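There are structures below to look over.
Both complexes below contain chain A, partnered by chain B and then by chain C.
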Partner chain A sequence: MIRTIVGLAIVLILMAILITVVDDYTVPSALSGVGESYTETGVEDTGSVNLVTAVVVAYRGLDTLGEVVVLFSASTAVVLILTLIPIGSGPTPPSSIVSFTAGILPSAIILFGIYIITHGHLSPGGGFPGGAVVASAFLLVMLGSNTVPGKSKFLSSIESLAGLTFGLLGFWGMFAAGQFLNNLVLPAGSPGRIISAGIIPLISLAIGAKVASELSGIFSSYRKAGGEK
Partner chain B sequence: MSLFAAASIGTGVMMIVAAVAALIVKKLISAIIIVGFVSLSASLLFLLMDAPDVAITEASIGAAISTVIFLWGRGKIGGEQ
Partner chain C sequence: MSFTFILAHVLTGLGALFLFASGVGVFRMPDVFNKMHAGTKATTLGSILFLSGLGLFEPSWLPKLLLVAVFIVLTNPVSSHALARAAHNDASEKPDNLVIDDLEESKGEEQ
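The block that comes next holds the complex of A and B.
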């Protein structure tokens, strides 16, 4: 009873806040100052045709580094908890539909994920979405198999290497151009080509590898927790 | 009303209905699947609002990965509670 009343009160308060905010909102007719300068000089500045990736990786590269650190600590915590406190039982055998799908679909999904990662500066996508897509292919593989994944040195080496690459690229910008994560330590090239946009493709690759290996690490520790059945 | 506006509003209404349904269904597994459906609709909505990169992330993380994580978590706590 009390739970219902408290829940209802919270919903009503949130609704009141939402209505006030929506009431005050007017659709902006022009871009804000920063947005305008990004859209005007973004392609020249970074060589990246996809301005979203230009903002995420080049202009706000430090924030992305922070996001990668957040994901890293989250995955470390999940793996730690699931290793220290094994709960529940191991994997249950998949149905024949799942195991058949898991046999044919993952290669296509991985290819699509790699496409998203490597074309981050040309078309929608980039390191984070592409890495998540690749990880979901690994998830499908795990769903389709009956066995508990073993301890993988390979996965954690990829993860560490990708994180190290991101940091080193940042320091390269600092020493070569006097700015951490400076984009144009490599030539910008001609916008629209696959090898262009300075270090954006390299950082996308690093982020993609890191996100994919970290999420796969989370899955495999979930799968392992509780031991073999 | 343009087709885009109609599709966006339709998807939004569908999301709200599904979100409420996720709260009131009795079985945990149904609620998890419905939450996955809400994520998939959200990714459709992002696509309609010209944010394809957010749509890709939402579809893979929200609809696929977190649904499976929830399902595994349900298995770990021992099914229906």
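The block that comes next holds the complex of A and C.
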């Protein structure tokens, strides 16, 4: 009874707040400030047709580098905790339905992930979502098998290489154009083509490889923490 | 008001109805397997109906929407199947009124 009353009160308060917010809101007829300058000069500045990617990778590239560091430390923490505390009692053998699907779907998923990564400057997408899609294919392969992955130098090398590429591209901009992560050390090309937009596609590739290898590393360390059957 | 226009409206409306019913089912059903039943079957049918309705609105999108539908048909049942087996392995998820349990029996035969 008390729970219902408290819940109802919270809903009413939230409704009141929402109404006051909506009441004052008028739909802006034009962009203002930084949004206006992004939309006016964005394509010219970066060569990227997708302005979201232009903001994320070019204008705010340093923030993205920070995000990559956040993801890296999170995955390191997960792996560390999972190696310290073993969980479960070995992998459950997959049913035939799961192992059949794991045989046919991953190639299509990886292809789609690579499409998302490489078209980040043309259509919605980019390194983060594309990398997550590729990692999900890895997860599906792992779910379809009954084995525990061994120690893999490959994943951690890919991860380090991708992070290093991101940093080096940043320094290249600093030395060639006097600005860390300057986008136009490579030519902008003609906007809308796949090879255009300066270093944005390269950074997307680096982020995609890093996200995919980090998430795959998290999945495989979960399975390792489960131990052998 | 052409025939395809009306059909597209009917299909998207039906799809939305199925998706809504699935949401209500996940909220109202008593245990994990019943919730999963509501959350999987109805969403598969609901999204296919919705996608085909969209395809009638915009015929140029039809090939892409068909790909999405094929992907949903391939993944949605398989993932819920895997989740249901995982839930079955966890004894605490077993409902009290479970009378016929074929999966448990087939496990006994294998060993």
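One rule holds in what follows: the second predicted complex is superposed on the first by the 202 of 229 C-alpha atoms of A that agree within 3 Å, B and C clash if a C-alpha of one lies under 4 Å from a C-alpha of the other, contacts with A are read in each partner's own complex, and residues count from 1 in each chain.
Note that a residue touches a chain if its C-beta (ideal position, glycine included) is under 8 Å from a C-beta of that chain, and two chains touch if they have at least 3 such contacts.
Note that the structure is a prediction, hence the values are computed from the model and not measured.
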Touching partner for A:225 - first (chain B), second (chain C), both, neither: first
Partner chain in contact with A:143 - chain B first, chain C second, else both or neither: both
Touching partner for A:184 - first (chain B), second (chain C), both, neither: neither
Touching partner for A:92 - first (chain B), second (chain C), both, neither: both
Touched partner set for A:135, first chain B, second chain C, both or neither: first
Touched chain A residues, chain B compared with chain C: B
Touched partner set for A:161, first chain B, second chain C, both or neither: neither
Contacts of A:174 with chain B and chain C, given as first, second, both or neither: neither
Partner chain(s) touched by A:51 [first = chain B, second = chain C, both, neither]: neither
First (chain B), second (chain C), both or neither touched by A:116: first
Intersection of the chain A residues that touch chain B with those that touch chain C: 92, 143
Residues of chain A defined as touching chain B within the complex: 52-53, 87-89, 92, 116, 124-126, 128-129, 132-133, 135-136, 139, 143, 215, 218-219, 222-223, 225-226
Residue ranges of chain B touching chain A (in the complex, touch as defined): 52-53, 56-57, 60-61, 64-65, 68-69, 72, 75-78
Interfacial residue positions of chain A with respect to chain C in the complex: 92, 94-95, 97-98, 101, 104-105, 108, 143
Touch list for chain C against partner chain A, complex: 71, 74-75, 78, 81-82, 85-86, 89
